[in-house]
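So, here come the structures, one by one.
Here subunit A shows up in two complexes: once beside subunit B, once beside subunit C.
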Partner chain A sequence: MYKDPKPKKITMDEWSVRFKNIDNKTIKKFVYYNNHDWGLYLQPPATFMVYGTRELRRLRFDNSLAALRMWGFVFNESERLFRARQSGKKIVATMGDLGTVSIIVMAFPDCIPFYPECIWWTPFFNESTVLLDLASELGAPEAACFSRAALAAFVKKAYFPKPDYIFASTGATCDDYSCIMQSIEHLGYDFMWLEVPLRRSPAKHVSMDSLVKTKNGFEYPRRFEEYLIKEYEKVWQKMVEITGIDDQNLLMVSIKKANQVRTLVEKIKRTTYQAGNAPFPALELMTIEFGNLYGYADMDEWIRILEMIYETIVERTKKNIGIISEDAIPIAWVNPTADPYLLDYVERIGLRVVDTEYVINQALVEIDEQIEPFRALAQSFMQASLIGSTAQRISSINKAMRTGKIEGILITNMLGGSHCAMETKLMERLLKDKPVLAIDVPAPFGITEQIKTRLQAFAEVLHERRK
Partner chain B sequence: MVLGLDVGSCYTKGVLFDNGVKKEYVVNTAYKPKIAIAEIKKKLGDFDKIAATGYGRNLVSDADHVITEISAFGRGAFAANPLIRTIIDVGGQDSKIIKVRDGRVDRFVMNDRCAAGTGNFVEKIAQALNLTLKEFGTLALQSTSPETIDSLCVVMAESEILSLTAEGKEPRDIVAGVCDSLMRRIVNLGAQIGIEEPILFCGGGALNPGLVKALKRIYEDVIVPEHPQFIGAIGAAVSLR
Partner chain C sequence: MNEGNSKREILTPRERFGLLLIDENPDRCNIIPLITSHAAHIARIPLSKYYTDGKAMAQAQIIALEEYRHDALSFFSEVGIIAEAMGSDFDYPDDDLPVLKTPALTKRSLSSIDIPDPKNDKRLPVYLEALEYAYATVGDKIPLLAYVPAPFTTGMMLSVPNTFLIQTIRHPDLVHDIMKICLQAAIEFCYHIINAGGLPIIVDPLASSSVISPKAYEEFALPYERKLIDFLHRYDLDIILHICGETEPILELLPNTGADLISLDKVDISLALDKLSKKMRIVGNFDTSKIAFSSPSEIEKEAKEMVRKGMVSSKGYIPSTGCEVPIRTPIENVKAFINSSKEIAWYWD
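So, the complex of A and B:
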């Protein structure tokens, strides 16, 4: 069995060399869809760069077996979805809602939910910009969010199999992505739209109906929840139609599984953020957080991977060893970065990410298992930062700043992302007395020296404030 | 004795610093920063340590200390005048607005995307009007009624200026309008962090009297230091002490 060396971030090439020390027994141990014939995925990161290796070569990865397992699994998703199709599973695209519809789909045996918008990762990890270029040709140019890569992927039919069905959430979601979903619908796929309500200010509705208060302190009129329940019931009925199965006990099992992931991720984050030496890198942690959406299309294996990561982190924390120096400045990160390299870069310059607002917090909160399942799903979704005001979105960061948990806030705008263009200035205004840096992260591979200078200067300012 | 080096995109600046500037030298970077660095070292002579800043700071391979130009300007400004609250630096490649509190950088914004917000704007327009930078600055000072230049980019502004020339507008009023336009753009950028006076105006742009006058039309308490182009190099040197 491979024994983890002293924690360190290593390059893709170093992983390829190290991989030779991993025995076959270990390689064969980790499989997706519980399939030992064709489900192997433990590979060094370089294996997955079929379109070139330049961009992965910029990154550094954690050197633990748990991290290697995670990267192998994450990079393998495209192959996994095609294998699922070959082996007779149903592939269901759950677009736009980020983390709840996938739980309903997962409740049906042999149904695999996935998020085509997460394909935007592909151009950022590869050398090729083919998806973004094609999206531009298809009418979703640079002025739209990077999730436009999904449109090109649907046209190319090479990144995931043709979905058996598509659920598309619109309303209080990303409006760029709503346009992209409309374009995809026009390609002739089987589609169902559902609407996500905006969590509007309760003051205007207080006389109309009762209010619900979320665990994170947001309020909304009860009828929003009732509306969302009906939308989820529509999804359920469609899945019943597709599969011929109608057993709501399966939904409870699915919710329990989602909660298992959410609890594990919460423990991973808490343990990592509270440790003196950061035991795990920010890039891996962001990838872990996004796994909450759908377990990278195999929730069971994803849970096992998370358990292994948690063990590694606990082990490192006990020994007080990590990958970033102890005097690194704790910061909060707002928005998922368009370039994964930045997450590594900030650690190189003495910053440490200990709080995040990646617009997916609805997928991070525990779902109530004691109440009716559709209501529980609706209540968990109504906690989403995505559907509320900007002030609500940054409320937890403001709190963390007040308590001294973080010393700075980094906002990374995705160029073209409409929520970035509209929200960042507001956030800066709301955070005006706090050390905050907002940067525009350009198209893939566009990290310039000027952006690095800003980040370095931000790190210098934060270090200086400590003196 | 510390050699402070500010390797900028247009000019590389060096100071010999020991409780004050003992010697200074500036050369055109001209896309050859390593040659510019070597020339300054040779020209300024004996020093014990090197502190580097500027976009080419990492090219100073024997530097004892490297900091970003944001921090360097903060330190340099504090050395020049401890009362300073805001620094406005107009350089060739970018412009920066830095808020300072108790001698430390508090917040900053930069414009590095659009030439119309940098010293490059003045250079391009001076070229179009067939003026040297010195002539441009002197001419701007003579204006009592600057023209309004509304265009948001260098290319469009150039066309607008040609139109004004064709209309028979006075060259002095046109160049003063260019200065106003640049400073307005920078001040608008600075509004994101809130500009407070006194303001230290530095960088190559502060050598242009037209730009100084334009900034003084907006703010009362504007200070141009003795070595405006060398504030970054001074700040780097001070940070090593």
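So, the complex of A and C:
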């Protein structure tokens, strides 16, 4: 059995050398969908590079077997979705809500939900404009968020199979992605639209509304929750129609599974962020966070991977050994990075990510298992930063900043992206007097020396402030 | 992009190849004639530059891609590259491929032969440089096939070929010893190819039935092809095995190599489909003398006939040439092959 070396971030080439020492038994141990014929996924980054994931040549990865397992699993997702279809499972695209509708779909046996918008990383990992160029040809302007890659992927049918059905959430979700979803519907796919309410305090609007307070202290009128419950019931009915199965106990099981992931990820994040030495890299942690949405199309295997990662992190924390320099400055990261290279790069220049606002916080909180399941889902979703004000979005970061837990904030600004770019100026204003750097994420393979210099200067300023 | 057919090509060659490898029908077949040194002819560079300068090799391949719009690049010049790095001497004619001059084992004993370092030894770095250049330039859109001589073929290039064949009868143990070191050399080369972004394709022309008996193939070539493919399967790569020349007598043995795709030359395609297509994806097998010397209209007709037959293959089919496209094949002929195949090789409406 392969034994982890001293923790370190290593290059793709270094992983190839290490991979020689991994025995065949270990390689064959890890499979998705419990299938030992085509479900193997423990491969070094070089394998995915051969198949076109070009950025892997520039990135550095954690050198644990747990991290290798995670990357193999994540990069195999496209293949996994096709294999799911080939083995008779139903593939259901859930779009826009990020993390709740997928739990309903997962409740049905042999139904695999996935979020097509997550394909927005593909152009960056592939250092390729193939998907973005086609999206532009199809009418999604260059100025729209990189999630427009999903539109091209639907047309190409080479990144995921044609979904059996699509649930699309709009309303208080992202405007950019709502436009993309409409374009996808025009391609002739089977769709159900859900409306997501904006979270706002009721007092000023309808005073007789009873009030609900979320765990993070935000308020909304009860009727919003009732409304969402009706929307989720519509999803359930559609799934019943598709599968012929109607057993709400299955939804409880699905919620439990989602909670298992959420609890594990919370433990992983807490242990990592509180450790004196960073025991796990930021890029891997972001990938872990996004796994909460749908477990990269195999929740059961994803849970096993998370358990292995958690063990690795605990082990490292006990020994107080980390993967970046001990005096790295803790920062918060706002918005998903788009270009994964950025998360790797900040660690090279002495910054350490210890707090994140990736617009998916609704997928991170535990769902109440004691109340009626649709209400529990609605309540968990109503905490979403996606549907509230900018001030609410950054409130936890603001708090962490005041307590000294973080010393700087990095915002990755997606040009044209409605949630992720229009808010940047507002955030900067709300975070005034604090060290904030907002950078525009350029198109794939576009991180210039100028951007690196700005990041370096930001790191230097933070180091200076400490003196 | 779309010469020769009216359908809109929505997939890049890489996307198309990716679908084939996960048992999905792509929009149309991947069309991959073996355009190796012929690329130098298209790029109008001397062959000696093509096989000694990695950047030139890559540029020639990319120029050929622009001309033909086929579905994979083929990095290769001749089967002696590993043997050369192990000590065999080759002549480099200005406008022809390297020719074996002095085999290593006529100068030295087997025990004094080292496993070559692909980053430094002889022309192996040329291939790696070519792959790196092409990967950075077009690697997001098209697969890069890197041809690796199999142990048996390399073994024969380490020896005087006739002597080597006699040794398979008189000194089988010695041949196995040669195979073992050639296998290690091939593995080391593959390892570097993968890190440069290339997908190794194993070539074993000297193991075809035009050269050795099925029995010798089974004893000396197949087990080492298998070991090499097993090594590559650790990376979960899908591997093409290419054997040019006669293969009909060994058809039934080929699945034992473990190859995922089999590239064939002189064999009746219907017979190959019958025997192999449930176990392996089929690649092939347009007659290279026809592509060099027939008229474009004859090529079109025969290529279409071949593609029609091949497309019934249940595990997938790649229309290709049975061997390398001869260096000075007229451009119109290669285009006739590719464009006529493109016209009818559609899976999607």
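Just so we're on the same page, the second predicted complex is superposed on the first by the 460 of 467 C-alpha atoms of A that agree within 3 Å, B and C clash if a C-alpha of one lies under 4 Å from a C-alpha of the other, contacts with A are read in each partner's own complex, and residues count from 1 in each chain.
The criterion applied here is as follows: a contact is a pair of C-beta atoms (placed from the backbone, for glycine too) under 8 Å apart; a residue touches a chain by one contact, two chains touch by 3 or more.
As the structure is a prediction and not an experimental result, all values here were calculated from the model.
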Superposition on subunit A - do subunit B and subunit C clash or fit: fit
Which of subunit B and subunit C A:Thr403 touches, first, second, both or neither: neither
First, second, both or neither for A:Ser128, with subunit B first and subunit C second: second
Partner chain(s) touched by A:Asn34 [first = subunit B, second = subunit C, both, neither]: neither
First (subunit B), second (subunit C), both or neither touched by A:Val461: first
Contacts of A:Ser210 with subunit B and subunit C, given as first, second, both or neither: neither
Per-residue contact with subunit A, leading partner among subunit C and subunit B: C
After the two structures are overlaid on chain A, angle v-u-w for subunit B, subunit A, subunit C in degrees (C-alpha centres, nearest 10): 90
Partner chain(s) touched by A:Thr47 [first = subunit B, second = subunit C, both, neither]: second
Touching partner for A:Met12 - first (subunit B), second (subunit C), both, neither: second
Subunit B versus subunit C as contact partner of A:Glu428, first or second or both or neither: first
Smallest distance from any CA atom of subunit C to any CA atom of subunit B, in Å, after fitting: 24
Of subunit C, residues touching subunit A in the complex: 10-12, 14-16, 18-19, 22-24, 26, 135-136, 139-141, 143, 191, 194-195, 197-199, 234-237
Sites on subunit B touched by subunit A in the complex: 55, 67-71, 94, 104-108, 110, 112, 192, 194
Complex contact set, residues of subunit A against subunit C: 12-13, 16, 19, 24, 27, 40-41, 43-44, 46-47, 49-52, 54, 57, 78-79, 82-83, 86, 126-128, 130, 134, 155-156, 158-159, 161
Contacting residues of subunit A [partner subunit B, same complex]: 425, 428, 432, 435-436, 449-450, 453-454, 456-457, 460-461, 464-465
